[in-house]
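Here the structure comes first, spelled out in structure tokens, and everything after it is commentary.
In order of appearance the chains are A, B, C and D, and numbering begins at 1 in each one.
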Amino acid sequence: MRILMLGDITSRPGRRAISERLQDIIKTNEIDFVIANGENAAGGNGITREIADELFLAGIDVLTMGNHVWDKKEIYNFIDKEARILRPANYPPGTPGTGWGIFRLKNNLKIGVVSLAGRVFMGEQLDCPFRTLENVISSLTKETKIIIIDFHAEATSEKQALAWYFDGRVSAICGTHTHVLTCDARIFPRGTAYITDLGMTGPYYSVLGVKPEIVIRKFITQLPQKFEVASGPWQINGAILEIDEGTGNALAITTLNEIEKML
Amino acid sequence: MRILMLGDITSRPGRRAISERLQDIIKTNEIDFVIANGENAAGGNGITREIADELFLAGIDVLTMGNHVWDKKEIYNFIDKEARILRPANYPPGTPGTGWGIFRLKNNLKIGVVSLAGRVFMGEQLDCPFRTLENVISSLTKETKIIIIDFHAEATSEKQALAWYFDGRVSAICGTHTHVLTCDARIFPRGTAYITDLGMTGPYYSVLGVKPEIVIRKFITQLPQKFEVASGPWQINGAILEIDEGTGNALAITTLNEIEKML
Amino acid sequence: MRILMLGDITSRPGRRAISERLQDIIKTNEIDFVIANGENAAGGNGITREIADELFLAGIDVLTMGNHVWDKKEIYNFIDKEARILRPANYPPGTPGTGWGIFRLKNNLKIGVVSLAGRVFMGEQLDCPFRTLENVISSLTKETKIIIIDFHAEATSEKQALAWYFDGRVSAICGTHTHVLTCDARIFPRGTAYITDLGMTGPYYSVLGVKPEIVIRKFITQLPQKFEVASGPWQINGAILEIDEGTGNALAITTLNEIEKML
Amino acid sequence: MRILMLGDITSRPGRRAISERLQDIIKTNEIDFVIANGENAAGGNGITREIADELFLAGIDVLTMGNHVWDKKEIYNFIDKEARILRPANYPPGTPGTGWGIFRLKNNLKIGVVSLAGRVFMGEQLDCPFRTLENVISSLTKETKIIIIDFHAEATSEKQALAWYFDGRVSAICGTHTHVLTCDARIFPRGTAYITDLGMTGPYYSVLGVKPEIVIRKFITQLPQKFEVASGPWQINGAILEIDEGTGNALAITTLNEIEKML
């Protein structure tokens, strides 16, 4: 089976990219399931009911989240009822929503998806991602061998270490959070596909989705800035995974890096 | 002219990659000048006189450094006399060595090279990289239009912001430090080539050059670990820049991602 | 001469403490000059024109600031015209306001006051406080030997190191930012008075000025919280310095720790 | 009953202070039990078998630790057999040693002691101190009402929040780690004694125990420095708790701040 994973969908240009291109990408690549990180979908910060619905309608099956998950307060109203939105699984017990789910494809195949967050250089103090994933996997493996993790983290060492540790026990570990697609997609020795970061599906002329001049001003003046999302052409970043349905092992991982053509 | 930039050369496998492949890469790609980050060349930590000489002999013209520059204490003995090793320019005034230099090619063309470090998520508290680079550029532009920066930093926002800010005033800004090659090489609107990270030239089966089991143990136990560099096949990460000698603008940037073939 | 320094005046209870107690403290202790940190005066975040005036009227001569200086946007309207409000001197050149000033007492004595911020564990990336203070002192010493520094920093090592370094060249270095008064007031060997932190002049039943239940919820859930300032009785934290007017050396430093009596 | 708690015993001057003064302090203040933080006892870094024995012999009953607990590798050889040395309880399950213990006084009274570490601004990523302490307390309260916590943490907010949260459920929460005694000892509304930091029992002329010139050089040059512990006169920092044996509530907390008299 073939799974499309998309890097953080960021504000209007990111959503426009989805509406303009997702169906075609799905068809061309014979995609069976689409996972996208949605933590920046609403104006760069968090997600709303309306935007989530727009993304599901456009063809996304599951939205994983990250440190921006709670930015739009209204998420508290629907995250408990919406199984297709996953917040990082290593938030403390009792946190609204859930960090993982099992989803059924048309052919009745089941796929486990996990949202997980790193701890190095991150603002939140979450539970150990290694132990959390260990627990989640032990639940998931009772139901399916196809397990996909979005590991939302900053430090490349934490991402690679987690992937080496779980190699062979999950189908794929794909990083998000840096908003920069990395060039290290590979299959680890025991069958887990890995990429350090899926990048960003959002405005191409930007600093992680924000207008460059604002981020520059922040760095130069060190004064507080009101961040504004950039507009203009989009980029679509992500990866396509091919998974062996029998073993759950990854057969291939290919990066997707498309930039909107401007006339 | 064509410049090869190499991501952090890391320990023995990284140096073996250089000795086995650099001359061939230079010839095949008609490279005029080679810049490599050397902060991890000696067993993953710093550099020695002997190893620097080995790398220069193998065809590297300039070694830029990063936060690991001082790991091998003997660097204090030779960095002041060795113009081809650059430590980050935004260390305080009075720091041994220099952060930038002008180098002359065979055809008498001059090229300015700058080593610069970021401040976000980095252990050191260095001077503002924006203001430092502003000053360095005002010196360099008196001599040459070809200016290349190795920006050694963790945060993707800091790297992209710096590149947007200096777009059009330097030939290229290439990031290092994360040891992961990124998939975002591009030429900015005013002519500066950019890539978030050049990756690592070092052991392929590793976590940033270190044996995976040790880094995993560190994350899981949170106990101090003695890091050991990994052995085995190498990867070569970097980028090839094509620069217009008249304007100093970048004409092309292409990533280099080669993995040693094992029999 | 005798100088009163007050730890971060925090929201309404802090201001009430000032209005109820400052004149009496001044008289009882024969205070000649009052310096207070005002970064949290307006609802815990920043300062307004009105609140600054209220504090000046109550008897404060100079307000130093810290990382919260820009929280109330209206400060940009008056900081350039208001010499009695000092923001950290090690913000980049061109930052609104100024980081130091010379103030004249009734007896024509001049006193130099500096606001300075640390870099360890602080959100902003400011210039080196050691080099900044070196420069400021070289200006100030032309005019006066009485120089007082509010060093707004988190790490005790950075605070102590700065004090040891400038010992004998300034009258006093008093830390702020942690909102906890420390018990280490002393005079260093060459005559500089020192205390790691002046604490907080604000609500006694609080976590650094904020309602305890909100900060607890933040730590336990790791979810975003809207901070609310606590009410109830105040505490007044600070120190009284006795300075030799001839040499500028400190003769004594005594902490002030008063808690509102509830009936 | 009366308990003496001592701030981080740091290197030779700290141990000398213990050998010269502890017995007298115990007698004068009618101390029943002595808890000291020992993470810096051996040359500023960690602890050895020999030094631990020296401290126990001198009258210390329990040594709590902090982030420096593993600095001397030999601790792995004895921590599992030595119930009187406690490492932070919120290290992951499986960590050598234990984070808490129940100790029996001469009059058969039992006292529970917990070593706990903060997460804000600390290098390690430990488990949630709130949830960990919740679990530890539920074990301890089966055996005794007298429960004392050494909370080894940097951020004053984390320390105060923990104390407010557990107020009334433990006898005392005393902070350590900053090496600076704070002036905020108090009893919280429901009976828990609290102080943000017990300070350091170590060299008086130092930066947290280290020679000032070395720490200064570190801050100014940002180059790696080999830290050397300071010598000279000692300071003894800590607090004396008076606990109601029937309820476990604190009746009084008084700080101890003694500086060696030099002839």
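Throughout what follows, a residue touches a chain if its C-beta (ideal position, glycine included) is under 8 Å from a C-beta of that chain, and two chains touch if they have at least 3 such contacts.
No experiment lies behind these values; they were computed from the predicted model shown.
Trainee: Between chain A and chain B, which partner chains are common?
Mentor: C, D
Trainee: When chain A touches chain C, do the two copies use mostly the same residue numbers, with over half shared, or different ones?
Mentor: Same-residue interface.
Trainee: Looking at B-D and B-C, which pair shares more C-beta contacts?
Mentor: If we tally the C-beta pairs in contact for B-D and B-C, the bigger total goes to B-D.
Trainee: Among the chain pairs A-C, A-D or A-B, which one reproduces the interface of C-D, with more than half of its contact pairs identical by residue number?
Mentor: That would be A-B, since it shares over half of the contact pairs of C-D.
Trainee: Through what angle, between 0 and 180°, must chain A be rotated so its C-alpha atoms fit those of chain D, rounded to a multiple of 5?
Mentor: 180
Trainee: Could you grab the centroid distance between chain B and chain C? Build each centroid from C-alpha atoms only and quote it in angstrom.
Mentor: It comes to 43 Å between the two C-alpha centres.
Trainee: List, in ascending order, every residue of chain B touching at least 2 other chains.
Mentor: Touching at least two other chains: 92, 125, 128, 131, 219-220.
Trainee: Which of the residues in chain C come into contact with chain A in the complex?
Mentor: For this pair, the touching residues of chain C are 70-71, 91-92, 94-95, 124-126, 219-224.
Trainee: Which of the residues in chain A end up touching chain D in this complex?
Mentor: So the residues of chain A in touch with chain D come to 92, 119-120, 125, 127-128, 131.
Trainee: Along chain C, where are the residues that touch chain D in the complex?
Mentor: Residues 121, 128, 130-131, 154-158, 160-162, 164-165, 178-184, 189, 196-197, 199, 205, 207-208, 212-213, 215-216, 218-220, 237, 255, 257.
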